[in-house]
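Worksheet for the structure shown next.
Note that the chains take the letters A, B, C and D in the order they are written out, and that residue 1 is the start of every chain.
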């Protein structure tokens, strides 16, 4: 995973957010289920646990582990901030940036993408709509993920309810950046949502409650992974 | 450590900030040195490593481990935020709040203190001057620590260079809150700085570079601990 | 109005927020209605229009005009910030600080209160609950106004629906600060709400939609003013 | 000025920041000098005074007046925020967005540009480097202005000291957006700095201290305007 450009697609990134179902010991268990599905299907699944869980999760599994955020700061006097070097040493190979629940100033997104690149972390930058996705693409991250905030956590999949958001994003982003991996997220909760997302020319999904709060996260992840093959 | 009121004083809290000298494996090593001094001297020393290092540090030592910050949020959809439950499960028994490098809105300081209390975490709230310390004291945290930002990281100790900041803080805080533990910080870099801080009626110090960037952190911590006994 | 200590109580402060009904020309008209009620009843009514309306309002009326916010900055390079000197020259004699819709870091509240004092502006600091009101009182502003955010704009008056919020605030604040003027706000929409607020030992109210969005703002303001006399 | 597309270039935008030399009565005087130069030379000069000065400035002069910032909010409950409708009614015809001293989250920049367009305000979005300028260009504002923060206020002109910042910006921006007006700023303090900026394919400059703090702002503005003609 040291070379972000070799990131395998399609990819499913599971954001653990601050769900108790994916905190501490349960974060490790959920990551192990994701790894099991990866081993069974060959589909790349990455997990994004909370900061305090990165080390234990990264020790327990071999699938890619992402931080949920890093700060655009250098080592030194930044109490309470999240240092790239720290999550890297804990085992993270990538990081979410600018998630709708942890948005950044534009100049900080730019600085964080550059910092991630410098420190060997895959950058996955979130955007709330097609125009913002295009702006993000201009900053050349490894991944851009479009997620309309109003659908996050609803179980109403962006790929099905707002396909034009996805297609507009793909169109605008590709007009600016041919290489960036494009994901979509928000409401993704069934295999079919994933299949449609791929049909719309994305290369994967960013999912949270659809997996974390599923009755049987393993089975749902398996359904997601299988859906990438149709 | 479940009862904050039993927190032993004098206390020395070592803030690891985002120093590389106190990140990852080195965070564990530094915490072990602090534990060694505590065992030799009986003086309470707490350590505040980065989020990703809390679990490993808490596993390695028995001295109190603090988070550097927590967010006033409930479990759920707070990507990139720091959940009280998460740092608690990782082994933290307390948290810094409102450090000058990670300041919060007033209503969030209030909410975070209440959250820490509810979750069994000792709250140590930082303040930049005497009047702000008094305001913090009105919110009834376990600990208030006054730290003039202009002295942080300078090696010029607040207790010696600005004793009136410390004495004014003690006076204003005690007029409002008889129980809160009062610390001072900023520039504390020698045992004498600690001794003077205690003479000025504080109950300990919050220190960072004075220990983390010392040539021999163990010896300096030992000097600090010994100084609390004069 | 140059001496904040001479601020007459009871006082009614009308926050124009960003309501179109109180923007531009309509801000001036509403302020003139407030002035009319002041002249008829002798009750002190202050108005807090948007920044761009301060000058026109202050030119049109003689009642106190407050800014809705100022930034704790000095003259110079602070593009897009609100300079104390600027609102002062435009005619403001006071400012709201830390309104729930424009909250500040604790150290900035402290700095802004001191700046307002230095520049001859009355400081009215908002707080969301009793403990935060107490913290604010420790910073010695001229006025503290408690406003539970969940009641703002509802028409359900804090003084009637949550009288304990008001009485707890008065008790905690008076334990720390004997001089500060105490207001309450949120949902104040009838004269009776004002009368009850005063009975609970506040010295006035901070009101917004109750006046700005009233069918007849003049009559409602008159009802408020008359209610202060019972 | 109701049609932003008719904005005349080259353009000089003078940001008054929070300089006392450009506050209140002095803001009007400085705007009048800018208008005089426009009348003498035919060069478009816009001024961006503080919020409280917009109305008086717009009443005194006929040249374009910009706000220094607006918030991406709708009319209603946004105490202390800057409403597009408010600055519009006060006489502004445009607004700066994301100045380095008043930076916004990426999604807020996008929302503010859309809001400005909807309300008939010209949008001038600031960016700190070429890649951020490209990201801004993808959001389709009327104007993008690149300003390396480290040169702001130094008197060392970006066009002369870091010409590659300007040329890289022009190249990246034009690869994404053929129409947006491109300005540069930071350190512009002589006519020659302006001439070089135009030679590097920008369409004008954003200037602050170079004019506001000049010994003779009128003469310096005249020098700037004349320099656009070479």
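The working rule: contacts are C-beta pairs under 8 Å (C-beta built on N, C-alpha and C of every residue); 3 or more make two chains touch, one makes a residue touch a chain.
These numbers come from a predicted model, not from an experiment.
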Chain centre separation (chain C, chain D; CA means) in Å: 34
Chain B and chain C: spacing of chain centres that average the CA atoms, whole Å: 37
Chain A and chain C: spacing of chain centres that average the CA atoms, whole Å: 45
Junction residues of chain C - those touching two or more other chains: 100
Contact graph of the chains (line, ring, star, complete, other): ring
Every chain pair in contact, whichever chains are involved: A-B, A-D, B-C, C-D
Chain A-facing residues of chain B, complex: 15, 17-20, 23-25, 48, 50-56, 68-69, 73, 75-83, 85-87, 89-90, 96, 99-102, 152-153, 208-209
Residue ranges of chain A touching chain D (in the complex, touch as defined): 98, 100, 103-107, 109-110, 127-129, 131-132, 134-140, 172, 176
